[in-house]
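In this document, chain identifiers A, B, C and D correspond to the written order of the chains, with residue numbering beginning at 1 in each.
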Amino acid sequence: MSFDHLRSPVAFLETMLGRLPHEDVLREYEAWWYEGQRVSANIDRAGTPWLKMFDRFGERIDEVLYPPEYWTMLQKGYEAGAVWRVFEEDSILPFSLLGYVTAFHDPGLGCPHTVSLSTAIPLEKYGTEELKEAYLPQLLKREGMPWQGATWMTEVKGGSDLGGAVETAAIPSEDHWLLTGDKYFASNVGAELAVVAARPEGSPMNVRGLALFLLPKYRRDGSLNYTVRRLKDKTGTRSVPTGEVELRESEAYLLGKEEHGVYLILEVLNVSRVANSVGCVALTQRAVADAVDFAEKRGAFGRQILEHPLLRSQIDERVAGLRRAFALAWEAVKLLDEVWRESYPYSERYHLFRLVAHLAKYWTAEMAALTAKWAIEVYGGMGVLEEFSVERWLREAMVLAIWEGTSHRHILDGLEAMERKGAHKLLFRHLSGLAKEEELSKMASRVEAHLGLSEEKREGSAEPLFWDLAKFTADCLARALGGRQPSSR
Amino acid sequence: MSFDHLRSPVAFLETMLGRLPHEDVLREYEAWWYEGQRVSANIDRAGTPWLKMFDRFGERIDEVLYPPEYWTMLQKGYEAGAVWRVFEEDSILPFSLLGYVTAFHDPGLGCPHTVSLSTAIPLEKYGTEELKEAYLPQLLKREGMPWQGATWMTEVKGGSDLGGAVETAAIPSEDHWLLTGDKYFASNVGAELAVVAARPEGSPMNVRGLALFLLPKYRRDGSLNYTVRRLKDKTGTRSVPTGEVELRESEAYLLGKEEHGVYLILEVLNVSRVANSVGCVALTQRAVADAVDFAEKRGAFGRQILEHPLLRSQIDERVAGLRRAFALAWEAVKLLDEVWRESYPYSERYHLFRLVAHLAKYWTAEMAALTAKWAIEVYGGMGVLEEFSVERWLREAMVLAIWEGTSHRHILDGLEAMERKGAHKLLFRHLSGLAKEEELSKMASRVEAHLGLSEEKREGSAEPLFWDLAKFTADCLARALGGRQPSSR
Amino acid sequence: MSFDHLRSPVAFLETMLGRLPHEDVLREYEAWWYEGQRVSANIDRAGTPWLKMFDRFGERIDEVLYPPEYWTMLQKGYEAGAVWRVFEEDSILPFSLLGYVTAFHDPGLGCPHTVSLSTAIPLEKYGTEELKEAYLPQLLKREGMPWQGATWMTEVKGGSDLGGAVETAAIPSEDHWLLTGDKYFASNVGAELAVVAARPEGSPMNVRGLALFLLPKYRRDGSLNYTVRRLKDKTGTRSVPTGEVELRESEAYLLGKEEHGVYLILEVLNVSRVANSVGCVALTQRAVADAVDFAEKRGAFGRQILEHPLLRSQIDERVAGLRRAFALAWEAVKLLDEVWRESYPYSERYHLFRLVAHLAKYWTAEMAALTAKWAIEVYGGMGVLEEFSVERWLREAMVLAIWEGTSHRHILDGLEAMERKGAHKLLFRHLSGLAKEEELSKMASRVEAHLGLSEEKREGSAEPLFWDLAKFTADCLARALGGRQPSSR
Amino acid sequence: MSFDHLRSPVAFLETMLGRLPHEDVLREYEAWWYEGQRVSANIDRAGTPWLKMFDRFGERIDEVLYPPEYWTMLQKGYEAGAVWRVFEEDSILPFSLLGYVTAFHDPGLGCPHTVSLSTAIPLEKYGTEELKEAYLPQLLKREGMPWQGATWMTEVKGGSDLGGAVETAAIPSEDHWLLTGDKYFASNVGAELAVVAARPEGSPMNVRGLALFLLPKYRRDGSLNYTVRRLKDKTGTRSVPTGEVELRESEAYLLGKEEHGVYLILEVLNVSRVANSVGCVALTQRAVADAVDFAEKRGAFGRQILEHPLLRSQIDERVAGLRRAFALAWEAVKLLDEVWRESYPYSERYHLFRLVAHLAKYWTAEMAALTAKWAIEVYGGMGVLEEFSVERWLREAMVLAIWEGTSHRHILDGLEAMERKGAHKLLFRHLSGLAKEEELSKMASRVEAHLGLSEEKREGSAEPLFWDLAKFTADCLARALGGRQPSSR
């Protein structure tokens, strides 16, 4: 087998998907990364960016200081269409294809693009005409740097149980709301707009008491609408600044109906979870590509280490895993593309999407972390030196595995989608024809049996089930994509 | 089940081994770490230490600059007896017990202690009387800072295939040798003594052409015997300085016979590989302990996350894995304790040890890395912030997985020990009585069948076999230690 | 001339002052610095310390993370008596002598000791019995780490014009006050107690509207009384953490009478300005000592560079400048020792002290910076490398020149003391007998003439006058100390 | 007086020099710095760049890793003509004008341009036709990145006494030479070509035994011609990588005649010393501009601090000093422009140039450092925070004061030029008409008297004389430029 298609995200996408829309845009964007990867490596090496809180005259400014070239790198993806093409074409496919190319080179940089889209979508779906007029064109600029968006949910008590942890309070004031509270993980903290979860005063202290608000960076009078307490020193994804935000009677606008807040929040997360899955696959490809590249050139015992049977069989297995992971993630993309315009109440297709997205977010993150770990080992001693980029992929993968929900979260939410919405039934119907009937029904029975267990057991033993279900689904889907695999050597 | 025994390495050792020799020494050393862990965290946070190459008058000095408290931390383990007790008691047990405590708090710090012992042992076994008189007492000092040792084998072409990669040349000169070459991964680079692999001129260009030399830091005339090109920027194990060493006609002393060099090198590696296994288990315990500690205090959905069935079952599984990993590593310790004084030609016991050591080095490192990854996920977003120590354990684990031989190396060397020495037969005999007869013979047949495959297949499919054999062995051994597990709550 | 007395702060103090009180304590403290200087160098190299804002469970803690050895270093000075001996002996001399030794090795470390004393003094002079009982013993602990104090005046609009820049508001509440505002340069930010300037509500918007408050780190209910926004990244004096403090209804206690606030604030500054002068002299000595040390060992053109006439004459001049600077600073110490217990209204002696303190703060800081610059040049290329400590002294000197008031501030305040209080007349009377009558009256006439100029001219041309007056005063005083200079070679 | 002309280097140049040649090029280059200054600030903040010694396969590569944008910044000056225009126009004026603009924004970045020119000049003057053909076009490329040059003289024993300190040995080998030795301060270490001082074997052990060689980065066989031991951690001028270079039988080409080496070396230094003077003046302007800018916007006591008479008079004095420093440095430029093509034996004009260059290098560096120190003080507390750029100028100034010769060196060499060549007489003749006759002859007599002192006294008291002579000369020259000063307000 030739490995050439592993070295290029666009080539791999073609292997899996056939002829790509906007192939020229993708190729041009990919070509830019020849130069961009040095920028990205520099950003990673420089560590946590620096927050300039005050100017020299004591005015609070809260600027995120990156090397200037960071902004060039970031802008490339926006200009290529990571956000604006979604509305131009009424499809999230261009976002996902571009995001794959981005994440192959810099998994963290996918985040700004994603949260900008996750801001534009609810604004477009639920914003008033005035809001849309004021802000949408800024987010959808095609040339130069557009405004960026951000999605700030998590507070210091944690992100898994938003209903229990969000304490930011919203108080109505004339035509808008005033928000007060602290967001503890605020990604893309320099954005001009953010959508944030907050609790209108008087709402219940659970997840149904949350609403979604649009929060501009500046107040109407031009002053800062909130302050950034500090930037977080993350081990990975340094290409996106994550900060702690202090909202103090910050001006905001309600999106949709108060009582539907939890649905809107989930719709926002849908986009970022799918994007995270796509990023994990791209990162997996990158780790495999780097390992293969090293193995081709490094020698031991008189031949390149690629020729050693043990390493060779590991590579074959990793490539197969990559293909499976891609198939699963891309199914989530395709389903999201069908349902992202839905609003509550949702269709069955939406519930199927939800389950596939949980499986994909969980399993692709596992693949990414384990593959990155393996790539480090292929590099041997070189692998743990900061000067060679391969150790970076594991740091990036560990963040991807956690943000947008840890594995625990996705396993349990996936379980819930099966229990409450029968999403597993929708899934098996969806897979029908992609596996032998008997395999499908065997897996279906196993799931049903599991759902019949006591809560303690059902949850306690959920991980092996979820892993196997994810792998099974991925396997089915990969076979469906499988005809166009590059021929063996 | 109570988790208290997980929070203390000594308590866990007692759970597994019963009454410990030198319990008072161990407890005192452990108690010191209450203070020491802040030092260790500071060293890790400070990153790669700094090499002061010249004094201000331009004299080359090559000093490794750590915060002064580093040296205090390092000295504690030496004084407790990490090295000197081995010779005092003619046993490596005290080294292993102390090393377990060290690695629970700082896995990288185990390295200086280990390589000092790995220097003292060949010096004591193979050194001339003059060499021993000159250097052994320095290594075995009981108070204050002893001299340190180091073991430098690897060159830039890699560490797996020493026979092909070591290019350092040795030329005889009067009563000593002059070494010229570059060592690329020279751990504990500030040591006063090192044992190094080099190739006496005229020797064959393979592993049998290597000999082992003792290399002091200073020449007889007091000048530096070699220079340090730089320190390596490792992602983990920052408590041991790893450098690149430039030998230029550096004075050295042959240990043992030239033609036995490869055996002596392997004897040196035996010690460090077993120590690495012990360190991996201690790190595994630490990761579990930190995760449990967090889970007890963090809440979500109205209860501590420890009470969530999914997390709870993961913890149970991790604790079981820890116990198995400990049993396997400790078997390697006990076997090494029987054979470390052997010289070529070796006993059957030595070959049994070799296989167990390969299994242990491989499998405990996998456990450590996977457990550290999981602990990060338990912490959620906190897990990937550098300010909370848990992300450190994965960085440390990745180094432990690679130095002293990657998984590839140990799988293939283990395979060779089975093929050439029938080590698997010795193993199954050793395990007899610890598993049901039928399980033993089933595993034995599987191994035999595997050994009968073509080389391509035998190596290509070796990993699942080796994993299963390691887990099987660990399981047998864990049951034998198992009676004294803390009772369930 | 031998230079040996330049290498030791205690030896130099003896040269200038004769037999020292507590000589044994001083010598013991100095001896400790043989080890301590490596700690200090490490702290400097590590850069801005790290603020740990939250624990891993999301509780705000605001801990300043230094290497543990920092606290050992800091504690040494407290235990030697930098604070407690002042009250034990009713004299600031022990503080000044110990401070000289500290600053020779680490000018920034003098700050924590100083501001702790500057907290204890107003507490002792103006605190209620309950306050004194609660807090004084903590500040005056003789063993272990005492509580530390801090003096926080400056806000973001600047420190020169406190009357215009302090916006922190104080509101009475039962038996205490609640303070709200931001302190922008809060030195020794981890201290357990601070004295802070704030404006009681309703007070005038000028310097007379300020009052002085005692502010504990924790509220009565045990929670944090204020938060630290961040630590400042200073180029020097990294041995004291300087932060930005956010007071939000922080509990505080009024010291003295509200309407006397400005006097109390000035009394606090008196101590730190004198300490700053002493520190500048010690730093000057250190820079000279390092330069001499280098010049003795570095060779060029066939001899040590010390023997080159140009360098030799520069050294002689620097030593003479050092002696003058010491004489001036020590006069400020002696005068402060006479007046530090005074309260408003003050004696003439107090006004004399004020002028001498302004001259000393201004001129010793100039000496320190210029001498540090020169020492770097003596080192040549080595001087601008961070690995050799000499460039540090200039960074330290630049901070010393600015905090406790820039040169502008001291020149203008000195001018005011002459205009309003006739302090120059007190000075010339004080110097009588230390210079020829005609020199004294020539300088006196020049000052009088200057005071007669228009405000524009008086201030515009004040610097040369102030420089000359400082040098003249220093010269007179140095002659008075001069008999015990080490003999020429 | 308006300060607008201080904010722009081109505007200030026009004020001093009238209509500028290539004004459009200068303005365009200056305009680029609006963006470039953020790049420069980022490079400074990032600290010492990183040396990538090996690629991941263990091949030595010695690449200097800067953020990619560094190379863009560097290239701008080359493209504008910092080097190629000198040969195009047979004049160093364009180099000096562009260098002024560069140094206003980044004094360290002037170094690469300067040493590239200092490489091209001797190559053009003394290289064989083959050498010139091979290398000159590379250095003089007008588009894209040209090859860079470097000038490596200093070894670890110091740079003042090259005759005593250079130990690099040169051995002839066919048509070239082989150099072996270590260069301790090798600026612009990534350059493709360097001119280096070395001692042909058999030459005398003094300055007359040195010769000048051209050293390419790569050997004829394509391998590295030398290795870089490490990059130096300088406190300033981080925009030029300075390294330690290990020459080991490195291929080099003799420039000119062996016995004229010392003259060629001095000719190389002539260029860099004049460039250093120009850079110091630009830095002085920048420090004044930043101080004024701050003073205009910062308020205290109810008005902007610029309006305070004391600060106002300081600013006036600094501006006057700036003008004087410029006049002195520019005289050195103009004289160099007359003599840079001379070879030994030299004209009287050359000796006049030498003295003016010594005065300029010495005095402009003093001005730069003292002005940068003052600017920090104007900023008050903001001045010592790394986040505001003003502290940077002092760090830069300290390097400029030292490289290309410390003040000691220039004072003593200037003295020698007066003693041996009667350069003072040439100077006074040159200044005739620019000062009153009686002032000129008073200064001339003072110099003559000084030259009549014993060596001990002549050197020991040389600094005040040299300072006064520099200031006197600068004053005369400034008056000659003076008519076009912006009118007072």
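As a working rule, contacts are C-beta pairs under 8 Å (C-beta built on N, C-alpha and C of every residue); 3 or more make two chains touch, one makes a residue touch a chain.
All values reported here derive from a predicted model rather than from experimental measurement.
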Mind listing the chains that sit against subunit B and also against subunit C?
-> A, D
Starting at subunit B, how many touch steps does it take at minimum to reach subunit D?
-> 1
How many angstrom between the C-alpha centroids of subunit D and subunit A?
-> 51
Subunit C to subunit D: how many Å between their CA centres?
-> 38
Shared-interface residues of subunit C (touching two or more other chains) are 157-158, 184, 298, 387
Connecting every touching chain pair, does the picture come out as line, ring, star, complete or other?
-> complete
Subunit C partner contacts - residues on subunit D that touch it in the complex | 154, 157-161, 164-165, 184-185, 232-236, 298-302, 308-314, 369, 373, 376-377, 380-381, 383-387, 391, 394-395, 398-399, 401-403, 406-408, 411-412, 455-463
Which part of subunit B faces subunit C closely enough to touch in the complex?
-> 35, 38-39, 42, 45-46, 50, 52, 56-57, 65, 67-69, 294, 297-298, 379, 382, 387-388
Touching subunit A in the complex, subunit C uses residues 53-54, 58, 156-158, 184, 229-230
